[in-house]
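Read the structure below first, then the notes.
Labels run A, B and C following the written order; every chain starts at residue 1.
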Amino acid sequence: MPLELSGLTKTYSKDGSGFRLLPIDLTIETGEFFCLLGPSGCGKTTVLRLIGGFETPTSGKILLNGKDITQLPPHKRNLHTVFQRYALFPHLSIFENVAFSLRLKKLGRSEIEERVSEALKLVQIEDLRDRRTDQISGGQAQRVALARALVDRPEVLLLDEPLSALDPELRVKMREELKALCKKVGLTFIMVTHDQEEALQLSDRMAVMRDGQCLQVGTSKTIYEDPVDPFVARFIGQVNEITGDLFGDSPETYFLQSSLGNFRIKKNGHPLNKRLNLILRPEKMRLLRQRSQVQENLIEGSICDLTYLGSRTEYTVKVKDATFKVFEQELERLKKRKLNVGDNVYLTWRTEDAILLNSPNS
Amino acid sequence: MRRSNPFVTTIFYIAILLLYTPLLYLILQTFLVNPNNLKSGFTLSWLIKLFQSPSLWEPLITSLEIGILSASLAVTVGTLGAVGLVEFASFLPPPIQSLIMLPIMLPEVITGLSLLLFFLLLRVELGFATVVIAHASFSASFVYFIMLEQLKKLDPQMAEAAQDLGAKPHQIFWKVTLPNIIPGLMGGWLLAFTLSFDDFLISFFTSGAGLTTLPLKIYSLMRIGVTPELNGLSFLMICISTFLVLLLVSKEQSRKWVLRG
Amino acid sequence: MDSKATTSKQIPVTALVFIGWLFLMTFLPFLIILGMSFLERTPLGTISFHFNFNNYARSFQYIYLKVLFKTVWLALIATLSCLAVGFPVAYHLARSKGWMKQLGLVLLFIPFWTNFILRIYGLVSLLGNHGLINQILLSLGIITSPLEILYTRTGVYVGLLYNYLPFLVVPIFSALEKLDPSLREAGFDLGANRFQVFWRVVIPNIKEGLFVGSLFVFIPMLGEYVIPDLLGGAKEAFLGNVMVSQFFVMQDWPFGSAMAGLLSALMLMTLWIQTRWSKTSGLRGGSLNA
């Protein structure tokens, strides 16, 4: 059964800064790994805290399995949180930290023993059970926090930037484990993060947020390939942008008229004579050593910087007063003529790879 | 980079030496046959006399009792305040802030006199109880600040984590908050005890005729003139104080307050 | 967006216990003494509830003004002496390293946790006619009759210096600690010698610490009672001593209360200057061309 947020809002009126969470409607399916992604201050943590019960919404409802939990205090909601800094209890051992919720429920000693051991085993830290919290590493603390939240068998696990306190190497490793854990326990995971790579890798679906507003909800692929907003496009992955006006001389062909030239675009719902942003992903663009037969979607420029990264090379191409990023896969050795800074090149792309979005200023 | 210059270093060591001279001299006097004559030879008789004279033991017991009771009272009140105000501490209205600072800022002579007037107006008989209350009235604020610092160091997520795991408000306090502020409680108690044990002026005003604390006893002996027992007593008190300081310094939470006096 | 900002939560009962306690046990007695200062003592020695400002007017008579000025003056000289001794001490501590620094600080403070009265007694037995100083000087033949130190103004200065020194060392020490060591290095690097670095880099950056620290000892000195009482003679009475004698010798509580009000006002004023100064000095801090 899903977790539903309907028309959820939250208004802060602290010192007049007036943060607002605009109405959010979301349905998160059982067993789904869902990410709330956005820059700091976008309201993603607020959403998580509203679900966790640490804040009360200004309006709207939260339904868990059809049951309204909006007004319930945290300890009466069947969901648990993994905190950003883990918030392990320093006065308790690892075992007692994990056993905390079970002890509050006054379960029998053997059952506690059994369930804690099971939880510790699940996150592979059975050997740490008698340590103190200051005797374990950051990665281990993360596992304790997970075990502590899972031991009580919640329906939903909330994770507040759980990986941000770890060093980069460990962070990448833990991503895989988190994903595997989610599938293994079959629970709904809702994770807050500002790391787009993390969200892309982990989530089944994600919501991209900005300024208290949910901009787009979808799978990683949808968000990356078909962003609905220039902000979403820029926030996830790198982009090249061309701003121009839409015009068409026939019902079949539309063009974007810009200072860099006219480019053909795929027909979609945009009205004519509208100011639009053409968004191009660097890996979807190609560099041509010389002017080819292709006449469409061609820009002439010169390479002003290049970085060889092994599997690919990243070029920065200067076109008039704009710069473009182009990633080229190093597919075959020596196949292509080597390019150097200062070389003249032509940029091109396939019409269907271009993303057309409303210009934010229009 | 060069180290401190010798002039500065010399002043430092002379200052430290001078700070200890009066106390070391008191200790030395305890063992002199004639405390006012360095050449009179050494004896242990004054110390032995001290242990035999009940008139000096009684004030010590009184001081200890007052210290224990007032420290416990101050810790209770101060901790309640800190627990309640920790969330608001940084944006308390100025009148409340001033109220909390008042016992620390007010000169002791005014604190003492105003409490005396207060007790007289209420027709409370001066004595043991008034001294205990008076001591707790000024040390509660010190305890408050120690506890506040300790509580601020607690990760606020920890209380939320406990709540998230099913703890009710009172369970959060007993099972999570309290076990984590015990070091601060102990430091605060020791500080309050030391403040009470050391206090002269406020006891002077609020004790009435019948009650004599150790500092009051020393004061009255001083007024009479230097007596050898007084030196023995000094020796004993220096030992107690040194022990207390070392205990306080060993507690990180209160170290800062030791260095503020 | 933290939880504390969300709602105007009400102050919990536990805090009210504390606030109520402070109100009842500190503020109310203080109010009583303030109220008393506007009343009058009848010739019979009772207190008449006749509201007036006579006590305050009386405080401005020459003999009481003289006490007021003497209190301020002695406290000022004692503060400057503390500064003169405290600065090198703090400077040395700040330049010490590791455990030496810790040990130095602890050494500085241990005497202050022995009983206050005992410390005074230590000074009395040191400075008295039969005290250590006079004994040594007499036996060395430097003097023929004992030096009068105790029960003079010098006695008061020694007492104040002895008892307040560490409280000035600490603020100077923390100001010096906060000073970025690379500032000094930059000073040397730009061609200043040790002396110039000290006056043009170190001092301008810690002058606020010096000022605030000085007031930190100056203010409580104004309210001093025991030190002038036990180490100074009758001529060296501070405002506090005159106040207490109004209560216990003259039995004139309303007038004594007025002096308490005056003393509080004096301290409050100094405190106000301090806070004002620390607010404005933020703009001037760190300028090199001072």
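As a convention for this text, a contact is a pair of C-beta atoms (placed from the backbone, for glycine too) under 8 Å apart; a residue touches a chain by one contact, two chains touch by 3 or more.
Nothing here was measured: the structure is a model prediction, and the numbers come from that model.
Discounting chain C, connectivity by touch keeps the other chains in one piece.
Across the two candidate interfaces, A-B and B-C, the one carrying more C-beta contacts is B-C. Rounded to whole angstrom units, the spacing between the C-alpha centres of chain A and chain C is 59. Averaging Cα coordinates per chain places chain A and chain B 56 Å apart. Averaged Cα coordinates give chain B a centre that lies 18 Å from the centre of chain C. Shared contact sites, meaning residues of chain A that touch two or more other chains, fall at 54. The residues of chain C that reach two or more other chains are 3, listed in rising order. Chain B has residues 160 in contact with two or more other chains. By the touch criterion stated above, chain A contacts chain B in their complex at residues 52-54, 73-75, 80-81, 83-85, 87-92, 100-101, 104-105, 148-149, 152. The part of chain C that touches chain B in the complex is made up of residues 2-4, 9, 11-19, 21-23, 25-30, 32-33, 36, 85, 88-89, 91-93, 95-96, 104-126, 128, 130-132, 135-136, 139, 162, 165-167, 170, 184-185, 194, 220, 222-226, 230, 240, 243-244, 247, 253, 256-257, 260, 263-264, 267, 271. Those residues of chain B that touch chain C in the complex are listed here as 1-5, 7-9, 11-12, 15-16, 18-23, 25-26, 29, 35-38, 77-78, 80-85, 87-88, 96, 99-100, 102-103, 105-111, 113-115, 117-118, 121, 133-134, 136-138, 140-141, 144, 156, 160, 194, 197-201, 214-215, 218-219, 222, 226, 230, 234, 237-238, 241-242, 244-245, 248-249, 258-261. Of all residues in chain B, those touching chain A in their complex are 155, 157-158, 160-168, 171, 175-176, 179-180.
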